[in-house]
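Let me begin by presenting the structure, written as structure tokens, before commenting on it.
Letters A, B, C, D and E mark the chains in the order given here, with residues in each chain numbered from 1 onward.
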Amino acid sequence: MRLLPSERLAEFRECLAAGGRLYGPVEVDGIVRFEELGGRLPAIEPGNPANSLKSFLHPQTEVVFDFEGGYTDVALRVPGPPAAQAIFGVRPCDAVALERVSRVLLAEPFADESYRQRREMTAILTVACREAGPHCFCRSVGVSPADGRGSDVVLYPADDHYLLEAVTARGLSVLLSAGALLDPAGDEAARAACQSTPVPPVRGLEREDLPARLEAAPYHPHWEELARRCLGCGACTFLCPTCYCFAMFDTVRGTRGRRSRGWDSCQFKDYAMMAGGHDPLPTRASRIRRRFLHKLSRFPAVQGESACVGCGRCAAACPVGLHLAGVLSELEEVLR
Amino acid sequence: MTAQPRLVGFACRWCSYAGADLAGTSRLEYPASVHLIRVPCSGRVDPAFVIRAFQRGADGVLVAGCHPGDCHYASGNLFARRRFALVKRFLEYLGLEPERFRLEWISAAEGRRFAEVIREMTADLERLGPNRKLREDP
Amino acid sequence: MTDHQAALRDIAAKLLGGGQVATFIGFRAGLDPSRPVPHFVRDASGAGALVINPFCGAGLARHVLEALEDGPVGILVRGCDGLGLERLIADGRVTRERLHLVAVACRGAVDPARARAILGRIPERAEVDAQSVALIAGEERRSVPRDSCLLGRCLSCVDPSPRLADTWLGEPLPSGQRDFEAVTRMERQPAEARYAFWSRQFQRCIRCYACRNVCPACSCRSCSLDDPELQERATGLADQFGFHFTRAYHVAGRCVACGECQRACPMKVPLSLLNEKFLKDIRDLFGVADPHRPSATEPLACYRPDDLESCRGEAR
Amino acid sequence: MNPLVPQVATIQAIREETPDVRTFTVRPDDGRFPPYRPGQCAMLSLFGVGESMISITSAWSPETALEFSVKRAGRVTSALHQAEPGHKVGVRGPYGNSFPVDRWVGGNLLFVGGGIGLAPLRSVINHCLGRRAEFGRVDIVYGARSPRDLCFRQELFETWPSVAGVGVQVTVDAADAEWRGPVALVPPFLEGLKPEAAGTVAVTCGPPVMIRYTLQALGRLGFPDDRVFTTLELKMQCGVGKCGRCSIGSKYVCIDGPVFSGAELKQLPAEY
Amino acid sequence: MPRIGAFICHCGLNIAATVDVERVAARARAIPGVVHAETYKYFCSQPGQEKIAEAIRSSRLDGVVVAACSPSMHEATFREAAALAGLNPYLVQIANIREQCSWVHSDRETATVKAAALVAAMVAKVRRDQPLEPIRLPVNPRALVIGGGVAGMQAAWDIAEAGHAVVVVEREPNLGGRMAQLSETFPTLDCASCILTPRTAEVARHPRIELLTWSEVREVSGYVGNFSVKIARRPAFVDWDRCIGCMLCQDKCPAPAPIAFEHGMGMGKAIGVSFPQAVPNRPVIRREYCRRFQGRKCQVCAKVCPVGAVDFEQAESCREEKVGAIVVATGFDVMPAAHFGEYGYGEYPDVIDSLAFERLNSSSGPTGGVIRRPSDGRIPREVVFIQCAGSRDPDRGKPYCSKICCMYTAKHAFLYRQKVPDGQAYVFYMDIRAGGKGYEEFVQRTVEQAGAMYLRGRVARVYPEDGRLLVEGVDTLAGTKVEVAADLVVLATAVLPREGARDLARTLKIAADEHGFYSEAHPKLRPVETMTRGIFLAGAAQAPRDIAETVAQASAAAAKALGLLTRGELAADPLVAEVDEARCSGCLVCRHVCPYQAIEPRELAARKVASVNPGLCQGCGACAAICRSGAMGLHGFSDKQVLAEVGAICL
């Protein structure tokens, strides 16, 4: 445990920046999102930035490989390793989400190499929450405002200082590199404060039998009701820190070309449409159902934990208020 | 030989493309910057074509059609006139220099004028230098 | 507005009960009182769930497309919804006869996030009038200027009342003229500043298609933005410029300025600032008085022989 | 190594099976492709077009090249059908589970295929015939829309029937002038044959509808769910259990499948 | 994969001198999908085309790019060559590396690089070309001729003689048009009606010609080979089927009526025909002069009619005719009086125009061919003819030359002298234009034999003085002011298109010039065709011309029409728009921008989609450009093709 006086935050930032590119939540054009920090301090406000941490490890689009040649001769070129980066000002739920995503993307025998390399080159400095944001419900899905999972370093804010805890070896080396700025610390008050931060519960989310209840009513008419309201956009999935679906696509420029991967959303029609025309998810209702069941039943069935970390982004983003917490409390009613 | 600007031109087959041919038969020299794409009518030109050209590295784009009133299809160029009046302003709104996009009326008889427009526009583009806006990384 | 709630429930119940409509589209309470959500009432007994208050921020027009598949639709319409429906009708996507429009004049909807920020807690009620907004939570009642807490789309609204209506709740309010002042400000910026601005905005875009999917003018069965040959899936800056140009151009002369795209954008890309540029130029170049109000022919699908040749010469 | 980056391979031969099915013989340029088991798939790609998950129709042996039978359906497969020997493709894999052949040893085998569905079966059939002594009787029931849509004719009509203890029954949905054989849809045709369920493992593959009715037919014939196997096909992007596309319930077809027993299928939600 | 062949033409040295064709070929070979690339001196030559054909066969090409001269030169040539070799002709594209490259650039390096880019663009385009078949359109073998003057009759006659049915629509009650109003014709001075009457009778009798006089074309829909024409027949108030043409009605009718035919020189009756030899010889009642229609109770005609053919209740009737080709021969008008204040035309009765003078000359005219001046019927001793009245006068009249005035004025002067041996004719002229067989000679005769006095110059004004008209002008040759006291002044007023010509142009969707004369497709090579396929022009409706030219042109138009009608069907260019119905939302914005009304909504299952009539579509692509979803495609210029060209150029 180390202690960082608030007035040294800027110096601390500088020494993080020395290690590579440094990102953090900042307000630009009236919206708080992760951007390169530059000279700014991270905007540590209740709740989460608009974009999620995954943008830095599982980017919106990335090159899988470039190729050059014709039909009878082709040479592939894979991109070099990513540069070191640090993200400062992450919320615990985001870091936990990353840990959840890693379970899938790093699963052997086919670990996602580019994700693994990025993760290794990324230091995640989490700031625990003393206050819940407008859409937060982490506790309802087993995440705490002081959760350290997935982080390299956790900062527990106190009135005039931060309490720093290295969660990983990578985190430890970050703290060592900043050693000069840090004081030894004994008191655990800050951490305790964060651990006891109140977060309003969401009805129905904590129920033990939730997965069973959802699976039991796969064709409940309420899914249709939700489908009528849903616009079929990908805002929820693209901003969700645990949505990892991606698609691959080729682009060609003469004899040069590129295969890339980019986020895809199970909410888009044609998401699962097959070449022959067969579509296992033909209706909006089936796609919405798929999403919620995946988050709350199927992912947990395999990974033992929910794929929702309660960050509340879907609530902030959905144009028609069709977000996980809201839907769950609706289901809680209709499933009664 | 210096690197020339890349100028993509969309020319209606009845007037402007024929005008360019006339410039050829009259052996009027003009910069090789321009590459014409033959379309049936200036009214066929979808602004998406213009955007794609800038994305892929065009330094300037020219849309050329028959003079108003002379459209082989009666009204195509009049729709084009409205369409590209908006598009040109919009591109400028996005930050593109006005000289990089032009809509011109060039008849089949105006070989000289075609060459003139290409010279002018090429000079403008040389002055502005290579376009980076809207353009994907090479 | 709120005082029309009882009447609305009444009308909805009658329409559904009498079988004139199969669905009634309105709002019902969401997870918190400041966030009502679009609601689809299927039978008279459900009409009691309908609410109508200054927190009803979402546009409803686009929802009729799916709902009409189940039969005629009754729908609550404010000025913006009305224009949106006019658009869908003009585009041949919806037939007027299959709609029953319950019209209400709207003075603007409150942005729940801004309201919460002002109050420091979730507002329970709000009262909006021409001058100001009153935010109410428990005992606390705070009166604030409209531009501090209304949705952006409502601040620039000049159509409080729909032009189409079958039943009226209360009286219509007079409509106004758009001033395009934000566009003018942008136009005054130097080119480089404009390019930097839009680059920053477009870079944020996550391509979630919310802007398209809420738009009453973007109802194509198949969208060119989904065709990888017309719009590649990559999201580099050039692709983003292409994407946003195409989206804006495809609604040029068709946008009803309801501002739903901007409200829906999770990344707050100022899409209205793009749409309004087209609207302004259509007004200035083609003399269309209210370019955002759907008319018989779209400005780009007609011409005047004496239209000015704005592209000519300018580049010299 | 990034699992999404394919090996560059060369098309060595193309055989036209039917008007819309072609079998491609493909050999990785570096000569090495990991050993694969019957039922596994690989991502076949054309550079600049895209990738498609295709089941490997050849049975593995150190020297033979890979074989893929491809039905023309979407962008990638249509482009593949335009390809010529000598053209480069990308190939990565093998992916997915495989038929639990070793658990079948000593029993009889019943293979029921429809249309291009014979492709995955072919690899397991040839694999089992390679170990002929370990199995009892082998019956192959195959059907296609019309005689011209029958794949692997040589094996169907010459190679397989000539193997001792192997029976081949071929039917078509609609006959043409030359066709002398039976005319029937596969499921009823199968039921008509009244295969002995006891001590027999049934393996079926074909179009979704055909699979559904065949499974029902097998049920009526007394085949227990745990001795019936089929393969599923869903849209896939990565093939390695990351892209999320091919999930059914909590399974990913690309890594947990494509082979499922009738018993496993019953556990899955009907999202396939 | 595509198998494309690239053929780079040297065009002798035209291309090869500036463009390194071998390098262009090498660049082409490097493009994926190009399996063959060669260069040759002249690919347009027979051996050159052979090489292309050979490559198509041996390399199994499915696309051909010829880099050569402009597509306007040899696109057709190479497409045919490909077709002969078994390749669909629409899988051929031309890279224009001559007119738009080698001829306009001198730097070999840049020209070569550009040529290679142009080839790459066409390779990208041809890869996305589909094989297309020409659109087969049935052709209705009947023809419609609009106008029953000498032009219309000639065209109708030629078409009918060739074995095709013809419908002739004439606005007046009878055939004949302007020529029927004329007295004699220059330069031979045969009497006009003597030439015209027999021809008129032949036309009227012809079994394959149907006459619809007193009728107008109201609506034209359809397209080449398949026009559908709505024709309205004005009420004649006489049942022509009953009428026997005895003209008792006309004799007994108490109501005089100024009839257009006499051009103000004589009166006819409210009921009757325009002139004795009128064909069809059937009367019409002109409402505006008929007493009964003016509310008085006159029934004379009805009473005297032996067959009870008069029918005051007759209403306008409408009929629809289906034809494959249309000949437009609506003729001309002359400039109305209003234009000539300074000449007192319309003010002084003895200032008349030439058409009126024709009537005075005509033996069947109001004066029985004796030239009497309108005011007092005296025989004029001095007559002044003023040429170019309104012609060649950009400021106040028409900029063009009316072409026939010089000759008919000479004719008038000549005839006048014949009929009034002691009379003196003065002709004010600007120039004498007598290009034509025997024309110049005739003008000389007029001067020498008829002693007409030609004064070069304009007339300033005409004003009355003790019963005569003083004509003030200048003789620009002599440079002197001249003043002539005349009994009669005849203006050679400018020739204009027939009144209503513009409306008809709109109805027919053909172009008219600023004056209202119909525009030909090409002034030199397609003089009797319009830009609208299947519609042809004859006579003065296109520009001022005399009878000989008119008749020649009428026969030309007939020949063109026959070229169409004699084919059972015709092939149209398949480069037209086509809807991808799966993608179409049915917004029909395409319909607003289609200049040819070629797009109609179509019910498809539960929804509405646009559908293109390939017969009407001319392939302009306006619809494809305005379609947001990309559902509207244009063969040969699809979005994807153009975008691919852009991509290739920008590499």
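Operating definition for what follows: a residue touches a chain if its C-beta (ideal position, glycine included) is under 8 Å from a C-beta of that chain, and two chains touch if they have at least 3 such contacts.
What you see is a predicted model, and the numbers here were worked out from it, not measured in a lab.
Asks: When you check each chain against chain D and chain E, which touch both of them?
Replies: Intersection of chain D and chain E contact lists gives A.
Asks: Can you name the chain whose C-alpha mean lies closest to the mean of all the C-alpha atoms?
Replies: B
Asks: Considering only mean CA positions as chain centres, point out the chain farthest from chain E.
Replies: Farthest by centroid: A.
Asks: Can you compute the centre-to-centre distance for chain A and chain D, using the mean CA position of each chain? Integer Å is fine.
Replies: Roughly 38 Å, centre to centre.
Asks: So what's the Cα centroid distance for chain A and chain B, whole Å?
Replies: 46
Asks: Please tell me the distance, in whole Å, between the geometric centres of chain B and chain C computed from their C-alpha atoms.
Replies: 36
Asks: Mind checking the centre-to-centre distance between chain C and chain E? Centres are C-alpha means, answer in whole Å.
Replies: The answer is 53 Å.
Asks: Note the residues in chain A that touch 2 or more other chains, in rising order.
Replies: Where chain A meets two or more other chains at a single residue, that happens at 71, 247, 249, 253.
Asks: Could you list the positions in chain E whose residues touch two or more of the other chains?
Replies: Each of 1, 593, 626, 639, 643, 647, 651 in chain E touches at least two other chains.
Asks: What parts of chain C, by residue number, touch at least two of the other chains?
Replies: 224, 230, 236, 300-301
Asks: If I apply the definition of touch given earlier, which pairs of chains qualify?
Replies: A-C, A-D, A-E, B-C, B-E, C-E, D-E
Asks: Could you please specify the touching residues of chain C with respect to chain E in the complex?
Replies: These residues of chain C touch chain E: 91-93, 219-224, 227, 229-230, 250, 297-298, 300-302.
Asks: For a test of understanding, state which residues of chain B touch chain E in their complex under the given definition.
Replies: 1, 4, 6, 8, 10, 13, 18, 20-21, 23-25, 27-32, 35-41, 43-46, 48-49, 52-53, 56-58, 72-76, 79, 83, 115
Asks: Of all residues in chain D, which touch chain E in the complex?
Replies: Interface residues on chain D, with respect to chain E: 79, 82-84, 87.
Asks: Residue numbers of chain A touching chain E in their complex, please.
Replies: Spelled out, the residues of chain A in touch with chain E are 70-71, 253-255.
Asks: Can you check the complex and tell me which residues of chain A touch chain C?
Replies: The contact residues of chain A facing chain C are 28-31, 33, 50-51, 60-61, 134, 225, 227-229, 231-235, 237-239, 247, 249, 251, 260, 262-263, 265, 268, 270, 284, 315-317, 319-322, 325-326, 329.
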